[in-house]
Every structure is written in C-alpha cells, then in structure tokens.
C-alpha cells in the first residue's frame, strides 16, 4: 500500500503542563513579589495586617479573616529540619537530580518543603540547622528563581 | 426533600487576567464571604469545586482541597471537585444541592474557576480538543468551533436559519455585556454587520460568533432553606433540576441540529420545579456560540423546533420579549471560564431577583429563572431552575 | 433521608493491563450489568464517574458522557465525574448516595476507572507530582512516596513505630492479595525481610511499602432501598458517611504523623451510621503505603494514637483480630488505579456480606464494614460505612 | 547575586498527553485490530453477533445489549458528506495543516468524523460522495495509521 505521510512533531518545547516551576511574572501571578524578592536572595511571604497571621504560601487574601490588607515580610534565612527523605521517584525533567534529597524546614513556625542541596542522606538529622539558598532555573527561554535549603555551615 | 437557598455570591472580573488559578479562587471566595452576614470560612461544612481542566491548563489537581485551603475552609462533611467540561460548575452546584436536600450537610460553598490563558495558546487549544472524544473526533481536528460550525450548517440546511439571525444573538448579548464591568468584552457593542464580517474561525462561525478563552472565578454559598434568613434577608431558592446525556461521539448524537438531550433535561427540570416553559421569566443559556442559543430556544421550549432564528430576530429573547435570555451578556459577552460559567449564570439570577443589577438589564418582576449549560459535543445538557420566593 | 442500597457490582482485573481507558470502562460496566437481574443500560437514570486524571494519563476529558456512551447508558437525571485525586471514586459514590438519598434519582451507576500506565513512565510520575500542590510542594520533588516517607519518619520519631511493623502491613495485605486473581500482585507472598530489603524508593519506604501504578476499573449499581429486591435478593446498604479536609500544602497540615482529618471524618461517619469503632467488623483502608495503614488504625479509632504499629504486630488487623483490615489485599496488593480504588473497596464489602469471597479471606458474620480513602498530602479523608442489613 | 543554575529541559519528546493519535498496538488498546486493518486499507468496525448492532467506534462490549460476542466487519470505502467546515482553530502539532477541512461522512448510516483531503472549501457540499483514504502518521519513533476522506473522483 502507498500512504500519504502525515508528520507530527517528535520534539516540542517543554509545555507548561509539564513545567513544575511556577510562572513568576505579574502577567501570571498576583504574588510575583515573592519571586522578585527571591531573586534578591530574600525568602518572603505575606502577613495579614488585620489579624497578624503569617502565611505560607504567600496569599492575596488572608485565609484566617478574609482581609486583603496584607504586607510582605522577610523570613529568616535559617530554619530547622523537620523531616527529610532521599527519593528516587523522579518526574519528567528532574532526571539529572537523582537521587534527590527533599525535606521540610521549620522557618519561624512555617513548615516549608524544599529540595536539599550540598548534603548526603547520612549528613541529615531531624532538628539540624538549615540555611536558605536561591537557585536560578533556566529552560533556554526565561530565567526564573526558586529556593532550596542546605545544612548550615 | 429539604429546600435549598442561595444566600451569598462572589464573582471575579472575567477576561485575560494577570492572575493565577489560586488568585481567582481567593478573589471569588472573599467576595462571597463579604456578601453574606454572620458567616466565616470555618462555618462552611461542605465545599464543592467546579473545574474542567486545571490538570492541563494549570498543572494542578486535587484542586478542591487546594481551593479550600486558600479560603481557610476546613470542610468536615463533604469535599470534592466535579468535572463536566463546560458544565463543570453546574455539576458542582448540583452536588451541593443534592447533599443539602438529602440532609447530609446544611452549609456549603461552591467555587467555580478556570484559568485558561497559557503562555502557549496552542497548548490551550489542544486542551479544548479533548472536550470532544479526543481519540475518535478530536484527532480529526474537531474542537468546539468546528463542531458547532457543523451544527450551524445543519441547522441552516434543515430549518433555514440565516447567518444574520445567528449574528443577532451576539448583538443582543453584547449589548448587555457592553455595560457589565465583570464581562471579558466590556465596553464594546457590535452590529450584525460587524459580527458577520469578523474573522472567519470555522465558517459559518466567525470570531464574534464564538465565546472566548477566559480566566475567571465565582463562588456561591448554599444553605438549607430554614437557615437562610440568618445570612441574608433576600435568599433565592433552587426550585428544580434536570440533566440528560445522549451519546458523546458524533455518531452517537441524536443529531447536530437537534439536541434531544436538552429537551429531555428541560422537561425534567420543569417537572421537578412544577412549572412550564411559559413560567420562565429569565434564562441564562449556554451561548458558547451564537447557533447554540438559537437551538436552545427551541429545545428549552421557548419556541417551536426550527424557529429559534425567528425568535431572536423578533426580539422575543430581549428585554420585553417572551423570555429574556442572557442578561449578563452570555458566554459570548462575558467570556467562558469553563468551571465558573454556571456559577456566573446563577449569580446573575441572584442579582436579578434581588434587584441588584443596573436598570439597563433589570427584568422587572422576574420570579423564575433557568440556567442551562451544554458540554462536550452538545451531548450533555444541564439545567437548574431558581426562584425568587 | 431515603436509604440507599448497592445491588450489583463489576470489577476488572487490576494491574498493567493491555487495554485503554475505555476498554476498562466497558469491562467493568458489563460485569456490573451481568451481576444484576432485571436491569439494562437504558434503565440507569444517573451516572457518576470517579476518575482522577484522565486528562493527563489518557488525554481524555468530559469522561462521564464518554463512559456512559461506551455502556449504552443515556442518563436522564444526573451525570457528572468527580475528582478527588486518590479518593475520586469515593467522591462519585458519595454523589450518587446524596442524589438517591435526596430523592433526585432512584437508579444510578457509579464507575471508577484509571489508566495509569503510559508509554513514558516519567510522564506518569509528573502526573503523580501534581497530586500534591505542584507549585509549592510538587516543585520540590514531592510526590506521594517521598511525602509518605516523611510521614513514616515522623511517626517513627514521635511514636517509636518500627520499620518491621510497617513491613508487617504489606505481609498481611499481600497474604490476601496473593490468592486474589483480581489483584495486581496476585500469586506472590512476601516476608518482613523481603519488604525491608526491597529496593529503596524513599527511605524508610522501600518498593514493597508502596502501592503500584495500576490500570483498573470497577462499577456499582446503587438504588433507593425499597427498589433493591427487584434487582437482587442480597443487597447491601450505605449506613453513613464522613469526610474532612484540613490544609493541603504541608504547612497547612495538622502534622505528618497526626491525621486529624481522618479522625474527624471517622467521628462523623460513625455518628451518621449510629455506631462506634467497636462495631466495625471489617475495614478497607487506604494503605497507599504501609505507614498509612498504621496511622489509619489510630485515627479510625481501632487503637490508641501511636499504637498502630503494635496493632498490626499483634495481629489485631488480621483474620481473628479486633477488626479485619484490607481482605482484598489493600492498595498494596491490589494496586491503586486512583478512580477505581474506592469502588474496589466497596465491592469487597459487597462480596464479604454476601459470602461471595473465598474462604481464605471470608470474615464470617461481618455485619458492618468501613471503607476509607485519603487523598493528596493526606489532607483529605473520606469514609463510607456499609452494612449487610 | 550568584546563583547555582538549575537546568530544566527546553525541548522534550512529544508527550502522550499532547499526542492526538490513539495508541494502536495490542499493548495499549483492545481494538488494535482496527488499526491493523486500516494499515491494509480497510475501514473496519465491530458488529454485535447477539443483536446485530453496528458500532462506531469499534467496541469490546455492545452498548446495546452488553454482549461481548462481537465480530469485525469491513465498512464501504465510500460515503456521503453530512457536514463540513474549514477551521483555523488548530491545536499543538497540527499547525502545518491550517486551514483544515473537517467533516462528517455518512458511511452505512454511521456518522464518522474525518479530516478532508484533496479538496478546497468551495468543492464541498452536503450529500456529495466521499471516499476513504488511509494515511501514515509519523513522529520519528513509531508508525501509526489513520483514516481520512476525500471527494470521490
């Protein structure tokens, strides 16, 4: 048989539906300030001026009292390791990072999940001091920023 | 069966929003809580989210708890998200209605939301292609515009509906939308000529015959009727509901120009509310395309089969006509954020019954309103009936 | 509130299936119709589909009408699909339950289905990462295994639970699954040593501590109780239900080792069924990981907080113990096709109450059973209680 | 500021979640016969041996009577155009095919949707005769087959 051939793409740009990192600009999120601050090395979040609640993740409305009168506050660059794991379960695009250390860090009472850099599994223990690290995420088209933690030196 | 009341609502601006999925949820939810007395997030027992495709448009799933967390809500009775493509929001309202009517819960919030704009709009178009059966229809390039264009073609062929009559639907709905600040296409009016001469998308449908890609969110608070006066002096009530589904693939449909499932759903909705089509004062119908509204007039019983074109031409669906259709501006004028649309329609009735819409679109004395959504290949039709009293 | 009965069920083989999404629906639906007398697809008034992520795993949406069409069902009362990640199936059962209890419909079918194997399994893993909040937790590499590994770590840290106790959950559930031909891991038994020494996935969790990626479908027919005897001599009944949600992002959770939402949902379920934990004869709990079942013993009230490890070690959750848990093999042994799991659990109770399971796993005299699902970051817990009489 | 750079892929293989064409082998579908027959130039479907119902799409269970005793039957290679449209709405991967002719063809009473090849919009009218055409779909990794229709010559 002879057939007309229909070509479909073999490679495509990384689609948004498979891109883990949040869209960071004003055009796509109302908490773009978080990412601007992160680029400056600051981990920030929102706090409610009406009721004082400190949020994680940053919000545009306080879930405690429904006020939208919020302010940006900087969090400490340090925290304590609450839980951690070495994972070999790796989704599309994170293959190079295997095995991956992931954990939860207590920063001012907020439990913040994070990848853990500059450590091996055996270096980690619950309660140890961790410090913030900012990374630049590059996909060949745009630059974005994200946070990680590492054991405090 | 217990009666169910709507006591408060919230509605974000619809359009291309500089906001993410969770921003839209926060906006809509806050507006709803601000709209009602004596109610805090912690009082919400049950939480229902209508969302069509956050998995693809926003790479988010398990979105009901995500939205609940955004609003400080900790449901202790029921929580779930419903999907029914373009009718996802109505499925959520119906779930809340069933749960309250059954006595499983007393105080519920429904949030409908969709974030449809994406950095790459080809990706968004792919998502819209799986609203039809992707493997057997979507694969052939069929998404909503070409599908509904064929419905228009068949309706013109079988019933003599004209191109101009279709355009008149947009003209009417846009007249309403032009003054509605929440509408995606706020501030614009169109003539029949402008619609007919707009960019061809899937002929006979042009750009202005099509509802848009839209970001938006909306929220409603529903309670068991005897509790309603604790929260507002002017609740509205759910009077009845109907839904029907016939087929999905084009071959399984009753026809392209005959939407039998719409007629069946309407009959059930009227029966359950103990009314007839003549009792309907105001209708929010699913004008995803101009042709849709014309076919819906017919199947909802507002006019005879085949006479939908004449119905709009004669002004029967405009203020002063037999039944006023789509006073908020319809999907055409408001935009169509899939999960939020059914809530936006219900909210228009809420505001109409309470006299809270501007005069230009107020339907004086309206007592009974219907909201209608279709989904997929017009295979499913979903109807709810609301009343003032 | 009207009573609701289950009168027929269908359950496909779970596992890596050489079949597509719609094949699984057809298999499950046919089995359910074959299981019940005097009922044809056209008699089904309402149709509820539980499915977590067909949009991503199968590039399909608007799946409720798709599934209805596959089974020749033309719902004329209610149709919708529910999503609640790993508990999507239970959300569908609950919607059907609410609708029948309210009087909105009399005869409903629920189908739960998930096709999870994909040509590229990295893509499937990406899908599982958005079960948590993808933008703030998933982005950090958190999908279910690392998340529940941290729950295990905290439970060991706070309560002294041992690695071996966790492994005992798999040993027990696998003993049941090994003889269950519907199970993904049919024909295998494991020792504690084998579990502890299996491939590390997210330490302390090894491969055999984790439920699998699974394809599968299941279906149930629910009717208003007074109609049940038309369809079977031995219906079972829904006695109560409870659901609770607290937070979503890790920071919003009550704790990693304390699942307060499970306790709240259980209290509500027991209250609504007018029973206590002591009345439960058999439980199908959401053992997505071995640690999950241990925490669930505690939060469901089968033992004191912190004593879940001891509970399994003492054989209290095995045949002859206080409450027999996961006789079909659990998610660990059966596999976990997200949308189908809750139906598979309910079907096990249906078969148990009717004496239709093989002797090796039969719980003689069981009158009351509970099914439990968690979803996402264990933020949501969903419970239904079924009874023989 | 100095940042560690995290690379994420700029291009990926076309993911299944953006690939319109069905998976066709026995490993992925229980109607793989349809695709094998299509490769031979035959448009086939299932028919119920119990009740006689002719299905579209092909099934493994008859939706009319729940029988699974089905047989494969070949459909005519010709049909009549029931509806058609020229569409400029094109999803990811079909960009080269713009504008696209799409229609519904009545084949033995089955309404089968299809792309339309070898025609312009002005060539088409409701009721005209159409004929089957089989195309080969290539994505650089696998060969698949699909059907289209064109005006009958």
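We call the chains A, B, C and D, going by the order they appear; numbering starts again at 1 in every chain.
Simple rule for what comes next: a contact is a pair of C-beta atoms (placed from the backbone, for glycine too) under 8 Å apart; a residue touches a chain by one contact, two chains touch by 3 or more.
If you're wondering where the values come from, they're calculated on a predicted model, not measured in any experiment.
Common neighbours of chain B and chain D (chains touching each): A, C. A comparison of the A-C and C-D interfaces places the larger number of contacting C-beta pairs at A-C.
Centre-to-centre, using mean CA coordinates, chain B is 33 Å away from chain C.
Centre-to-centre separation between chain A and chain B, using Cα means, comes to 35 Å.
Multi-chain contact residues of chain D (touching two or more other chains): 13, 15, 17-22, 92-93, 146. Of all residues in chain C, those touching 2 or more other chains are 55-56, 59, 69, 120, 123, 134-135, 249, listed in ascending order. In terms of which chains touch, the assembly is arranged so that all chains touch all other chains. Note for the complex: chain B touches chain C at residues 1-2, 22, 47, 52-53, 55-56, 59-66, 68-69, 74-85, 91, 94-95, 98-99, 101-104, 127, 130-135, 241-249, 252, 264-265, 268, 375-376, 379-380. Contact residues of chain C toward chain D in the complex are 18-20, 23, 26-27, 29-30, 33-34, 40-41, 55-57, 59, 69-72, 118-120, 123.
Per the touch definition, chain B reaches chain D in the complex via residues 56, 120, 122-123, 125-126, 128-129, 133-143, 145-146, 149-150, 153-154, 157, 200-203, 249-251, 253, 256. Within the complex formed with chain C, the residues of chain D that make contact are 13, 15-20, 22-23, 26-31, 59-64, 66, 68. Those residues of chain A whose C-beta lies close enough to touch chain C in the complex are 17-18, 20-22, 56-57, 82-95, 97, 100, 102-104, 110-115, 121, 126, 146.
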